[in-house]
Amino acid sequence: MNESGSVVPFIIEDKDQAEAERSGGRGIAFAEAKRMAEALVFASAAPVSSKALAERLPDGVDVRAVMEELREDYANRGVNLVRVDDHWAFRTAGDLSFLMSRDQVQQKKLSRAALEMLAVIAYHQPVTRAEIEEIRGVETSKGTLDLLLETGWVKMRGRRRTPGRPVTYGTTLEFLDHFGLEELRDLPGLDELKGAGLLSPRMPSNFSVPTPPVDPDALADDEDPLTDIDLEELGLLTPRVEDD
Amino acid sequence: MDRLWSDEGPERGLSEPVLAVDVEGFEGPLDLLLHLARNQKVDLARISVLALAEQYLAFIERVRRMRLELAADYLVMAAWLAYLKSRLLIPKQQGDEEPTGEEMAALLQFRLKRLEAMRDAAARLVNRNRLGRDVFPRGAPEPIVIEKRSAYSATLYDLLTAYASQRQRRAITNVQIAKRGVWSLKQAREILVRMVGRLSDWTALDSFLLAYLASPEERATATASTFAATLELVREGALEIRQQEPFAPIYMRLGPKSVEEAGNLP
Amino acid sequence: MNESGSVVPFIIEDKDQAEAERSGGRGIAFAEAKRMAEALVFASAAPVSSKALAERLPDGVDVRAVMEELREDYANRGVNLVRVDDHWAFRTAGDLSFLMSRDQVQQKKLSRAALEMLAVIAYHQPVTRAEIEEIRGVETSKGTLDLLLETGWVKMRGRRRTPGRPVTYGTTLEFLDHFGLEELRDLPGLDELKGAGLLSPRMPSNFSVPTPPVDPDALADDEDPLTDIDLEELGLLTPRVEDD
């Protein structure tokens, strides 16, 4: 099959031997498990859970190790192995998007409101509707939440164990998959936002100025004393791009 | 609602800023405030809250002068900002349990900052490599039957949609469009919670609410009805009120129960 | 990215360099063309013709050479690149076909009617067939109810202590499991359905959504447990006497 094998010596000639070597001496069983996992995940359009793989692979195989090796194998290829919240999927490489997007079906576009609500749900989950409204400062317009549920990116997670038992919302596996996130911790800027206290329902105590005005007349000034807070120090002063 | 801020009149002074605001384009009062804050061309942490409040109030005044109807959300925010302004300008009294103007201003900045952060986050999300747009799954998946336990599939969303739509179909639809008369204090308070968070401390908001929520000729009836609503909320435990002496401002703060919870009482 | 590269020399270290080498000195453009071809074939819903590939790949690339190399790359993997009449496609390696389940369970979508009935049973349980019909305003076909019982999401709970002793229906543990609910009371109530935009905000004032019982298995006051005789009567238990 491989006529030029002798010219390109590192192409795997003998499957068993070469694979065993490749898997760091883990043996033929490991190499075979890799092939099996590869086949299972490659065949599926949807991410396959590690649990499901474990059930299909021979007993005693370290699924995580298998998948990590496969991920490396594919790291520089046109197709990559990606992890989505302990599920695995093959996806075309991100840098080839210019090649792919040509004749694809037009995606349904989310409105600005829906997108903003999606972000609120993603970063603040589990979050109730009342909390979403408090953050956005506006009543949820009819159909926006409904629309997000319909996309499959947002789900009802459960109910808050507080009086009134409000339903809590969160994001789904499809959300992570769609936006290319391994897990929720990979949400862009999550750590900075958390550090700045911007993901808390209440204003963090270090957000306000504790010093009461010494001179009451100073308040009559047009300048608000709050502007003196050095929020830069708190990491709140991220440079922003003017987008509208 | 159409364009609400189209200030192209010839009498406009040169010093007055040109503002063309289409309320339809805004996602509520907080969004409008964020827009105004950005117009100050400084970072949110450095904005003048007082100037911001005044700009917003001026906007509301113009809209009202044009006799255009404005959603209650915008009016309640105006009431809160008017109150904030008064707190910023009036020195703090002895034994005053109300939040200081600075605390209120910080709260507003926090909320604006948080909203802006979410907006930026949304933009960053959207610009990621997205499945089906930039990145693609296996185009010709081969059937593997790994996780399909049950032969039937449906999502919770499917289930709820099915339930809601059939019950809705069956409900005799002599639907009447609710008349919105004077806003009750309870409604105003719900909006307030949504927009400015919880009122944890004693707050004398009512006079401000009345000023913005009712036109002058309705003020007397609005006072009566909102006061009645206040008492109702107190009875339900959602609110506590306090008045130092006759005709003094009425102070209030949230009671032990949430508004939603109290509203669910039989 | 690949730290063990030095131990396993044929793992691609530096994409550009290694790929160039791998492709027999054909250069970076060739290596990149391979990645592109790989992604295109992977994402395509049907086998991709060499002609279509030639149109998409950079000018001057030897498509045939690219594809033959790719085919070699995949020769011993769990997935192979196959050529069918000058079209290219990925296929699970033949020796792994046992992994792909032969006797596929056909995933069936519940019909609208079944979904509606299931929802009514979930919310209104314990509920009799007559009550379901009253709520839905349509007659229930025997088949739909049977189908729901077959899904394992709905069960007969008991019999109502009213004339005719109608059977009462309710949901099972599998129902909660499938829909990701911790308990029945996690089903959203009237306000939540309105809030999510699933129910019109202007429902008649006498409209209500029931709160399902806390313990799904506890019998209601007017419910009797099902006995063997009941089950026999309902044709669910083969009568003990007639065993031919």
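Lettered A, B and C in written order, each chain numbered from 1.
We take it that a contact is a pair of C-beta atoms (placed from the backbone, for glycine too) under 8 Å apart; a residue touches a chain by one contact, two chains touch by 3 or more.
Going by UniProt, the chains are A, C = SMC-Scp complex subunit ScpB; B = Segregation and condensation protein A.
Every value quoted in this text rests on a predicted model; they were computed, and no experiment measured them.
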Chain whose Cα centroid lies at the greatest distance from that of chain A (SMC-Scp complex subunit ScpB): B
Identity of the most central chain, Cα criterion: A
Separation of mean Cα positions, chain C (SMC-Scp complex subunit ScpB) and chain A (SMC-Scp complex subunit ScpB) [Å, integer]: 21
Geometric centre distance via CA averages, chain C (SMC-Scp complex subunit ScpB)-chain B, whole Å: 40
Rounded Å distance, chain A (SMC-Scp complex subunit ScpB) centre to chain B centre (Cα mean): 30
Residue list for chain B, restricted to those that touch at least two other chains: 136-138, 142-144, 155-156, 160, 264
Residue list for chain A (SMC-Scp complex subunit ScpB), restricted to those that touch at least two other chains: 40, 42-43, 56, 90, 92-93, 100, 149, 155-156, 166
Footprint of chain B on chain A (SMC-Scp complex subunit ScpB) - complex, ascending: 40, 42-46, 48-49, 52-53, 55-56, 89-94, 97, 100-101, 104-105, 107, 112-113, 115-116, 118-120, 122-123, 130, 133-139, 149-150, 152, 155-156, 163-164, 166, 177-181, 187-189, 193, 196-198, 202-204, 207-209, 212-213, 216, 219-220, 222-227, 229, 231-232, 236-237, 240, 242-243
List of chain B residues in touch with chain C (SMC-Scp complex subunit ScpB) within their complex: 136-140, 142-145, 148, 150-156, 158-178, 264
Chain C (SMC-Scp complex subunit ScpB) - residues contacting chain A (SMC-Scp complex subunit ScpB), complex: 1-2, 4, 7-12, 15, 19, 22, 24, 34-40, 42-43, 56, 72-73, 75-79, 90, 92-93, 96, 99-100, 180-182, 185-186, 188, 192, 195-198, 201
Contact set on chain B toward chain A (SMC-Scp complex subunit ScpB) in their complex: 27-31, 38, 43, 45-51, 73, 77, 88-89, 91-92, 100-103, 105-107, 109-111, 113-126, 128-138, 141-144, 146-147, 155-157, 160, 191, 193-195, 197, 257-258, 260-261, 264
